[in-house]
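Have a look at the structure below before the remarks.
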Amino acid sequence: MNPTSTAQAAAAQSAAAHAPAAGPTAAAQVLPPPPLLSARGLSRRFGPGCDLCIELTGDAGATSRCPACGTVVAVHDVSFDVGAGEVLGIVGESGSGKTTLLSLLHLDTPADAGSMVVDGYGDLLRSRTSDAELRRSAVVMVHQNSLAAGLAPRLAAESNVAERLLRTGCRSFAEARARSQDLLAELGIHPSRHTDPLETFSGGMAQRVQLARALVNPPRVLLLDEPTTGLDPSVQADLLESVQRVTDRLGSATVVVSHDLEVIRILADRVLVIHFGRVVEDGIPEQVFDDPQHPYTQLLVASRLR
Amino acid sequence: MSDAPTVASLAAEHGQSEAYAYLDERTKRNVRRALLKALAIPGWQIPFDSREMPVARGWGSGGLQVTLSLVGPTDTVKVIDQGDDSSANASSMRSLISRTSGCAETTVTEEATIIQSRHRIPEIPLRGDQVLVLQVPHPEPLRRVVTNDAVALEHHAERDYTPAWLDLYDDEARHGAPRTGADYPVLVEGTTLMSPSPIPRYDVLRLGNRPHATLLGAGRRARVAALPPFTSVEPLVFDDRPLLAESAAEPCIRCGSIDSYRVQSGGRYQLAAEAGNGPWCCSDVDACRTRRNDP
Amino acid sequence: MTAVLTATGVEKSFGPERTVLDGIDIALLPGQLTVVHGARDAGRSTLLRCLTGGYRPDAGHVVLERAAGSVDLAAADPRTLAWVRKHHIRDFAGPLAAPPSQDAASAAARSAALERETAVAGLRRLGVAELAEVPLGRLRRTARRAVALTAALLSQAAVVVLDEPDTAADPERVLDWISELRAGGTAVLAAPSDAHPFIARASASAILTEGKIQWTTQ
C-alpha cells in the first residue's frame, strides 16, 4: 500500500479528504438502523372464513378464494420492514392482493390480523387516535386517481397544496401561497397553472400535485399506488424523477406498488412479490429480477416486454 | 311595579295555566334551555324544537320563537328588517309579539328592551340591558364547503375548520378576495365557527365585545346560537388579509352621514350597495332619524 | 491485515444441470486489486454477484468485515443486503436503474450519493465528459455502462467490484482510477474482458474455470 509516486500520494491525499469522517457514523454501521415502518403478519379476508381457508388458498390451491367457504383471502401474513429514506417495491398482478395491502397500510380497511408499527406512533392498527388524524400525519398515499386522494377538483392546484399548511394552522395567506407555489414549481408545475382548477390537470400532473402535498408535512410513511400506470411514456420518466426527488427529500419509509417491473427496479431498494395475497419472493431488485427463485416471479420476469 | 301585569296574573285572567305570548309553556322552556346552552358555549349551534309559526320558514320563524320565549309584559319590542321598522314583515311580527304578550312596541332603538332584526345590527350602540335577536336562515357556516351535516358536526367537534380556510384561500388565490358578501363566517372566542346571519360585513366587524347578549335563531333548521356579552368575534380571515367593510359612494342623502352603512334606494331587499340606482341612504332608519334630529 | 470481504465455499447453480460455482474461496484485502479472469461463460459475473449480494449463493458464506462489525451476505435479510450494498460494497454490473429522462451526471451523482459536480468530474475522468447532460434514455448501452461505472468508482465504499469495466471505458483510465482507490484503502475486485493490463497491476489474480478458482498470482 506504499504510494510509489507523488501522483499517487496526491491521489491518496484527495481520496482521504473525500473519505467519510473517522469515527462511527451511521453509514459506517454494517447493519441498517431500526426500521421506520415495521409490518408483521398483515392479513385480510373477505368472507366468513373457515378452518380450511389458509390451507386451500395461495400457491397450493392456486387461488385466493377458499373453495370450501368462498372467502377471499386477499392478504395473508405479510411482513416487512422499511427504514427511513428506503423504498420498498411491491410487485403483483391484478388480483394479487396488492391493492388490499395498500388499503391496509393506508388504514382504509381494517386488518383481520397483524401489526403496523410506525416509529413514534406505535401500532397504527391498534391506535386510539382517530384514523383521520393518523392518516393525515403518519401515512400519506399518492393515488393513481387524484380524486380518491382527497384532492378537491374544483379548487386551484395551489389550494390543494395549501390545504396541508392550512390544516396545521398557517394563517398567513402570503406565507401559505409562497410555500405552495414553491413546492409546485419544484415538482415541475409551471406558475401559470398554479391557479388552474385541479380537474384541468392531466393524470401525471395531478400526481405531482399529490407529491407536492406530501412534501408540505413529510409523512412517516409514503405510499405510491401504481404511480406510472396509465401515463404516457415520456410523462412516466419525468414522474419517476419527481418521485425520486421527493423520496430523497422526505426521508419517509416509502412503499411503491406497481405491476411494472422496470418502475420497481428504478425506484425500489427492495422488492416483495405478492401472489394470491402472500409474499412469494423478498429480496433486492438484482436478486428478484435477475435471479428469481419462485416460479411466479420467474414468470413475471420472463413476461417483460424488452 | 305592583300594577304591572305578570305572566302568572295574565294567564290566570284568561283561565289558562299555560300559553303566554303565543308559544306554549313547553316550547318556551325548550327554547330557553337551548338558549342557556347556547350562551354557555358561545357560537355553538344548539338544536331546539322549532314550531310552526305564522311566518314562512326562512322568514324569521326562528328569531320570532326566540323573542316570544323571552318577552314579558314589561318589555318593549323593536323589530327591523334590513334596518327598516316599517317593512311588511317587521311590522307584522312586531304586532304579533305585542298583541300576544301585552308588551309595548317601539321603533326607537334606545327605548327597546328586545330588538329582533333581519340582516342588520342597529347602529345606535346598544346597552347591557338590551337583547339583540338575529334571524338566521342558514346557521351552518360550513354549508358551502361541507355538504354533509354529520361531517360538518365532526368538523365542529374537532374545531377543524380547514374546509373553510381552504375555500377562503382558493378565493383569495383565484379571485383576489373572498366571494362571501353577507353572512361572512366568524370565529367566536377564537375557536368556534359560526354563521352570524346575513348581516353585511360592516356589521360582522361590529359583532364582537358587546355589552349585551346576542341571540341567533334559525327556525327552519331548528337551531339557536348565542353570544354572551363581551365575547370575541372575529371574521374568518388570514392575518394578512383583513375583512373590509362595504363602502358607499356618497353620504346619506337624508342625514349626511359618511360612516353609516348606506344602500342605494330603489333596491328594497338588497344588502350589497351596488343594487338600485337611487340616492344613497342609511339602511338603519332609526339611526338616521336620530342623526337628523340631533346632529 | 484483515480481509474486508471473505468468501468461503460459495456454490451457485441455475437448475440441476448448470452448476456455475462449485465451492469458491476468495478473500479481498484493503488496498489490493484482485483480478478474476477466465472463459466467456465461465461464470465470472455470477461469482461477482454472489460476492456482492446481488445473487444469493446456494451454499457458503460471504462475510464482510468492518470496524463496526461483520455481516454474512449469504444469510443476510434483504434490508441488510440493501444497506451493505449502499454503504460498504459497490458493484458495477450493468447500466444504472434510473429514469430515462434523468441526465447522466445526475443519475451517477444520485447513485453514488454525491454532488452533481463531483459526478461531472468523474465522467470527465473516465473520458466521457460529453455524456454529463444527456438523458440516459438517449444513450447507447456502452455509454450507459460508462455512467454506471463512474458511479461505482466515485462511491466511497470499502469494496468495489467491477464486471468488465474495460468494455465500458478506456482501460488505462479505469486502472488509473483503481490505483487511487487502492491508495485510499479500497479493496477492488475486477473481472475484465481483456485480463492482461489488469493482471499486470494486480495484487492477486485467479482463473475461474469449471466452477473453481485457481490462483495464478498471489
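The letters A, B and C name the chains in turn, as written, and every chain counts its residues from 1.
Here is the rule we use: a contact is a pair of C-beta atoms (placed from the backbone, for glycine too) under 8 Å apart; a residue touches a chain by one contact, two chains touch by 3 or more.
In this text, all values refer to a predicted model and were calculated from it rather than measured experimentally.
Contacts between chains trace an open chain of neighbours here, each touching only the next in line. When chain centres are taken as C-alpha averages, the shortest distance to the whole-protein C-alpha average belongs to A. Ranked by C-beta contact pairs, the top pair of chains is A-C. Mean C-alpha position of chain A lies 29 Å from that of chain C. Between the Cα centres of chain A and chain B there is a gap of 52 Å.
For the pair chain B and chain C, the distance between mean C-alpha positions equals 79 Å. For chain C, no residue reaches two or more other chains under the stated contact definition. Across the interface of their complex, chain C is touched by residues 1, 3, 8-9, 11-12, 14-16, 18-20, 24, 27-32, 35, 81-83, 86, 234, 237-238, 240-241, 244, 248, 265-266, 269-270, 282-287, 290-291 of chain A.
On the chain C side of its complex with chain A, the touching residues are 30-31, 49, 53-56, 64, 66-71, 78-88, 93, 97-102, 110, 137, 156, 179-185. Put simply, chain B touches chain A in their complex at residues 160, 162, 165-167, 169-170, 172-174, 238-241. Of all residues in chain A, those touching chain B in their complex are 152, 155-156, 158-159, 162-163, 166-167, 171-174, 176-177, 194-195.
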